[in-house]
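Think of it as A, B, C, D and E in the order they're written, each chain with its own count starting at 1.
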C-alpha cells in the first residue's frame, strides 16, 4: 500500500506521483522505425520528443522515472490522453487492467523480479499507451527487461519491424509476462527444498520459509488474477487499435497468463499442504518425545517407590532382616521392569 | 445489527430512525453554484431549503443528522422521493446499493474511520440522491470528510463547478471510497507488526490482535462486496442522470473498489495464514518445553532410582560395605547420564 | 428431515401431510376487504369459505393447520390449483421457492422463531397462493406473526387497503422475512457473549455454544440461500399477478434477504474464527500448564537426586562426616535452583 | 472405479459390460398398457419382446441384468439406439446425465440404498430410454424399487395410465430420486447420534463414524451434483419427447434434487464441524489430563525433596535432633501444599 | 516447470525445444488409408513424408521426438501451420487447449502414466493438428499408447477406416484420455490402502503417503481442469473440420473428462479428510500416552512421598517405634492407590 490515502479529497485526475522514487534522473527514450530504418533518441524532458514522425514510421516512447510528473503531463497533452489515465500512470499501486479509450488502449501491469537470496520479490509498474503508429511505455525505473526487445528492433529480426504499433505493444507485454515465469521457477525451487526439508526433519526455519512462500503466493495471485482479466479484456477490446494479426498473439499471451495463474494456484495449494504436513510432523515429534518420557517415568517411578519402602526407618520391618531380602527386591523390580517393557511393546510404543 | 427487528409489522415505507444518534442538532446545508458563483446556506429545518434555484444552477443539499425525521420527510415530499427510499435513508444498517428510480438515483454506502489506538473501526452511512440539477446527501453526523470537496467547490478548482450534478454525486462517492484506503493502510501496518511479533516470539496478545484483524477483514468485506456491486450497478444504470463524461470517472471509481476488495481479500488470507503460523509456533514451543522436561526427567529419574536402591536398610547388602562402593555408584551414574545425553543428541533433541 | 421417504412410491401430487401436528383444531379465516370495508369470518372447514366475493373486494384466506388435508383439497379444487402445489403445501420440509403458474403464484418459505433460553430456533412453513383478487396462506400453526398486519388491515392504515392482492401477498412475505432479523439479532448477542468469554478464559461450555452457533448458522444458510433465489424469482416473475407498483416493494424485500444472507455469512465466518481462537487459546493454556510442570519438575528432580545420594547407606562416604557437609549440600542445591530459574527466565518461560 | 481402464484402446461404442454381476439370470419384462388394459410379459431374451404394440398402447420394457450384453444389443438394433448409448448403459460407473438424441432421450442415474447396520450405502445404475410410446429401463439387478409403481400401473390409480410414455419415464425417475431421501434420513440419524456422543464424551469410535459420514457425504455429492444438472437438462430438453404437461412434474423433480443437494451440503458442513468439535474436545481432555498430572506432581515433587533432605545421613544435621523437628517439617509441608492448592485455584486449574 | 523462462526476450513463435529429451532417434511415421487399404511408412526426416496422398485417402503423420526441431519446422511449412502453434508444440509445459485456426484445429493435451512402485506419475505432451484429410500427432516419445489404435486401423475394425480424419483425431484423443482412468484407478487403490492403514494404526509413513496422494491430486487437477475446457472447446469449435457425426463422440469424450474431474475432486476431498483423520488419530494417541503417564505418576508420586517421610532420620518420630507402624503405612498406601484408581475410572481414563 503506497499511501493511496494521501490523494483523498483531491480532484480526480490530479497528477501526483504516488510511489517510491527508484532512480535519480528521469529519462525519455524515443525509438522510431520503419521496416527499413531505426532511429534512437534520448531526451531529459518529454516535450522535446514531439511531434512523432508520420506513418508508416512507428514510434516507441519509453518514459523512465515517474517522479518527473511534467514528463507525463507533456505526453498527455501532446497525445490527448485522458487525465484519469495520467493519474493512474503516476499511481504505482494500480491493479492490472486494460481501458479502451477508442483512439488508444491504456494497459497497466506489473513486472516482477525475484531476489533469490533474500527470498523476496519486487514489482515494478509498467503502463502502456498503444495508439495508431505509436506506443508509449511508462516505467518506474530501468531494470534492463526491455533490452532483448531493443536488440531485436535494432537487428530487424522477426516480425517486429514489419508489423504495426500494436505488435510492438504486444511484444512489450510479452516481455513483462515472461518475467513471471522466471519468478515462478525460482519459487518452485524453494518449494521443493522446503518439501525435502520437511520430510527429512521439520524445524522452525522451514516453517518460516513455507509461511513466506504461501504469503508470496497469496500476494502474487493478487497481481495475476486481474492480469488474466486484463489480457482477456485485450482480446475483447473493440477498439480497432489491435489488428486481427496481432489478436492471435494476444491469445497466446492469454494462454501464458492462464499457465501462470495455474502455477500460482498450485503453489498455494502445495504450500497449504506443506503447512499441514508440518503441523502433523511436529505433532508426531511431540508424541515421540512424550512417549520417551512416559516409558522412562512409568518404569522407574514405581521402582523408586519400592526402594523408598525399604528405605523407611520403622523399627519393625521383618523383610529387612531376611537374608535374601535385598536380592529378592532387586529381582522383583527387574520383573516389574520387564512387564512394563512388554506392555509398551504390545502398545506399539517401542 | 441495529435493532432492525423493531420495524417488524410496520407498514413498509414508514419513517422510523433505526440507529444511534451521533449529534445533538440536525443541520441542513445548501450549496448552490454555477460555474460563476457559489452560495452557501444553513438551515435547521429542511423545509426552508426549498425550492431549489433553477438550471443551470446546481444544488447540493447536505442533510446532517438522521434522527430528525421531519427533515427527511420534507426532502422526500419536496422532491417526490419514493417512501421506501426515505425508509432506507433512516435505516442505518443498509447494504451498499444503487437503486435507479428513473428521475433520480438512490445510492447508499458506508464511510469508514479507523481508531488506531483502540484498533477499532467505525462506519457511517451516507445516502445520496442524485437528480437533474441537484444532489441530496444524508449523513448520520459530520466527520469533516467533505471539507476538501467543499474547498474545491468554493475555490472553483478542477471540473467540479463546470460539470453537472452527476459529477458532484461522483465526487461525493469518491471521497467516501477514498476513506477505505486510509483504513486499509492502517490495518496493513497492524498486520505487519503482528507478523514481526509472531516471528519473534508469539504470545497471547498477538493472537488476540490477529484475531481482531481477521474479524475486521471479514466485517469489512461485508461492506465492500456489495459496494463493488453497487458501483458496478452505477456503471450499468440506464437512467439518463449519469452523463457519458461522468461514466469514465465511475469506471475509475469501480477500479478503486476492486483494489479495495483485493486488498481486503489479501488481508483475510494473510491473517488466516498468521493464525496458522501462530498455531504452528505455539506447537513448536510446547514441544520445546516438553523436550526440556523429558531430558531432565529421563536423566535423573533412573539415577534417583539407583541412589534409592542404596538407601534401603536391608541388613544384608554387600555393596554397602565395599570400600569403593560409593565411588563406583557415582561413576556408574555419570556413565548413565552421558549415555542419555548422547542418545538425545542423536535424536536431535539437544 | 421430516420423513420425506414415506411418500416414496406414491403418485406424485397425492395429498399426505408430512410434518408435525402443531395444533388441535384446524381453522380457516377469511378476511375480505375493499378500501371501504373489512369483513372477517372464521370457519372450521375450508369448503364454507367459498365462493369469494367478486372484485374490487380482495380476499385473504388464512388456512391454519395443515394436518386437516380436506381443507387444502377444498381450496385446491375451488381455485383450480395444480395437485403438485397442494402436495408441496402439505410437505413441510420444502425449500423456499416461487413457482409461477400463470394465473397464480405459489410461494413457499419458512418463518423463524428463536427460543433464547434453550438457544434453539424453530421454523414454520408458510405457503402463499397469490392470485387475482385473493391470497391464500397456509400455515402449520398460528404463532401470532400476522397480528400486526391484521391490525393494519382493520385500521386501514398504510397502503394495504388501497393496493391489490399482490401487495397483500408482499406484506405477508415481508412479515415473515422480518422474523429473520429478530433471530439474527439474538444470535448476534450470543456471538458477542461467546467472544467475550473466549477472550476471558475459554472453557468447554463456550466451545459447545460456539459449536451450536455455527451449526445454526449453517442450518439457517440452508433456508436463506434459496429464499434469496425465491425472492429474486419473484422479481423476474413474468406472470401479470405482480403489478409494477408492487415490484418496487419486492426489490426492497430482495434487499432484506441479501442483508440477512450477508449477516448469516458473517456469523458463519465469525464462529469459524471463534473456533480457531478457542483452539489456539486452549493450546496456549496447555502450554502454560506444561510450563508450570516443567519448571517445578526440572528444578526439584535434580535436587531430589542429590539428597538421594547422601541418603545412601554406604559405609565409606567421606562427605557425610565433614562438619560443613550438610550445609554445603544445602548451598549447592540453592545454587542449582537459582541457575535453573535464571535459565527459565532467559527462555521467557517465567 | 470399476476398471474403466480395461476399455482403453477399444473402439468407442463397443459393447462390454463394465461392473459387477448382481444376479444370475437376466430377465426382460414388458408391460404394455392403454388407459383400458395392462398386459405383462416376461422374457429371457430381449429379442422376443419386439415389436412393440402400436399407439395408443404404451410399452415399458424393463431389462434387468446388464451382464447379458446380447439383450442390450437387441434393444439397440430394434429401436435404433446410438452405439455410444449402448456402451454407456453397460458401463456402470456413469455420471448421471441426460442426452437428447431427438427421437429419444437417454437418461442415466444412480439409485441408492443404505445398509443401516454396516453404515454403508450401495448404488445401482439405472438407464432410461424415453421415446414416443415406449420407455426402456436398464438395471443391474432388481431391488424391488419399482414395485409400487407397477402396482399403480396395474391398479390404474393416478395419472399413470392416462398420460403418455414421458410421464412413465418421469415416474421411474421420481422413484429413483425418492430413494435418496431415504438414505439421507438414515444418515441424518447417524449424524445426530454422533453429535450426542461427541458432546457426551468423545472417543475413537465416534471419530471413525464421523469420518465415515463425511466420506459418504463427499461421495454422495459426487452423485447428486451431476444429477441436479441432469434433471435441469431434462427441463431444457428441446426434444419433443417431453410434453408440456410433464414439464411441470420435471420441475417438481428438480426441486427434489435441489433439496437433496442442500441436505448433503448441510451434512458435509455438519460433519466437518463435528470433526473440529472432536479435535477441540480431545484437546480439552488432554489439557485436563495434563492438569491433573501437573497438580499432583507440582505438589508432591517439592515435598518429596524436603523429606529427602531429612533422609540424608550427614553426621552433622542439627534439625534431626530437635524435639519438634519432625512435626515442624510435617507442618511446613502441609503449608507448602496449601499454598500450591491456593495458587492452582487462583489459576482456575481446580 | 521446464525452464519456460529461457525463452524470455525471444521472438514469439521462435522454435526452441523446451523440455526433456526422451529418446535418441526422432522418428516420423506416416499411415495412409482409405476404407480399402492401409499403407505405413517410416522416415527419419519429416520432409520425406510429403506430399500427402489426395482424398479420399486419409493420412496420419506421427512425429515422435520433439528435440528434432527441423521435423516440426518441415511439417509447419508443408501444411501452412501458424508459427505460434509450432512454438507451442515444442514447449512441453503447455496447458491443455484447443485452438481453432479455421483450416485446422490445434489440440494439445497430456497423456499420463503411473509408476505404481515409486508412487509417481509421469506426463507426456501430445499435440494434434486435425485438418481436412490428415491428422498430425507430435509426441515426446513412444510409450506404446497408440498401438491398439494402430491395430484397429490395420485390421479395419470399427468405424475408424470408414470415417474421416476428424474421427481419427477423436480416436487419438480418446486413447489419451482413457490413460487417465488407469492412473485414477491406481491412485484409488493407494487411497484405500492408506485409509485402512490409518484406521488400523497411524504412523509417519502413512502420513507421507497421504501427503503425496494429495499433492498428486492437486497436480492432476491442474491438468484436468483445462482438459475439460479444451474438450468443451472442441464441442463448440465452429471450424467445419469436425463433422456432425463426430460431435456425438466428442460429447462422449467430454463426459469422460467430467468423470475424471469428479474423481480427482473426490480424491482431493478424501485425502484432505484422511489428513484430518490422521491429525485426530495422532492426537488421540498422544492423549493415551499422556494418560498412562499421568495415571502411573499420580499414583506413585504421593506414595513415594509417604515412604520418604518415614525414611527421614529425625530422632523423635514416634510412629517408627509402633509395632504395627510399617504395616499401617503399607495399608494406608494401598488405600490411597485404590482411591486414585477409583477416581480415574470415574473419569473414564481407564
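Here is the rule we use: a contact is a pair of C-beta atoms (placed from the backbone, for glycine too) under 8 Å apart; a residue touches a chain by one contact, two chains touch by 3 or more.
Computed from a prediction, not measured in an experiment: that's the story for all the values here.
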### Query
Chains shared as neighbours by chain B and chain D?
C
### Summary
Overlaying chain C on chain E by their Cα positions calls for a rotation, in degrees to the nearest 5, of 145
### Query
So chain C and chain D: same face meeting same face, with over half the numbers shared, or different?
different
### Query
How many angstrom between the C-alpha centroids of chain C and chain A?
41
#### Entry: Chain centre separation in whole Å, for chain B relative to chain A (CA means)
25
### Query
Going by the touch rule set out above, which residues of chain A reach two or more other chains?
279, 283, 286, 290, 293, 297, 301, 304, 308, 311-313, 317
### Task
If you connect every pair of chains that touch, what shape comes out? Choose line, ring, star, complete or other.
ring
### Message
Which chains make up the ring, listed in order from chain B with chain C immediately after it?
### Response
B, C, D, E, A
### Residues on chain D engaged by chain C in the complex (per definition of touch)
147-149, 152, 157-160, 170-171, 174-175, 178-179, 181-182, 184-185, 188, 199, 248-249, 251-252, 255, 258-259, 262-263, 265-266, 269-270, 273, 276-277, 279-281, 283-284, 286-287, 290-291, 293-294, 297-298, 301-302, 304-305, 308-309, 311-317, 348-349
### Task
Under the touch definition given earlier, write down the residues of chain A that touch chain B in their complex.
1, 3-5, 7-14, 82, 84, 88, 93-95, 97, 99, 201, 204, 207-208, 211, 214-215, 218-219, 222, 225-226, 275, 278-279, 282-283, 285-286, 289-290, 292-293, 296-297, 300-301, 303-304, 307-308, 310-313, 317, 319-326, 329-330
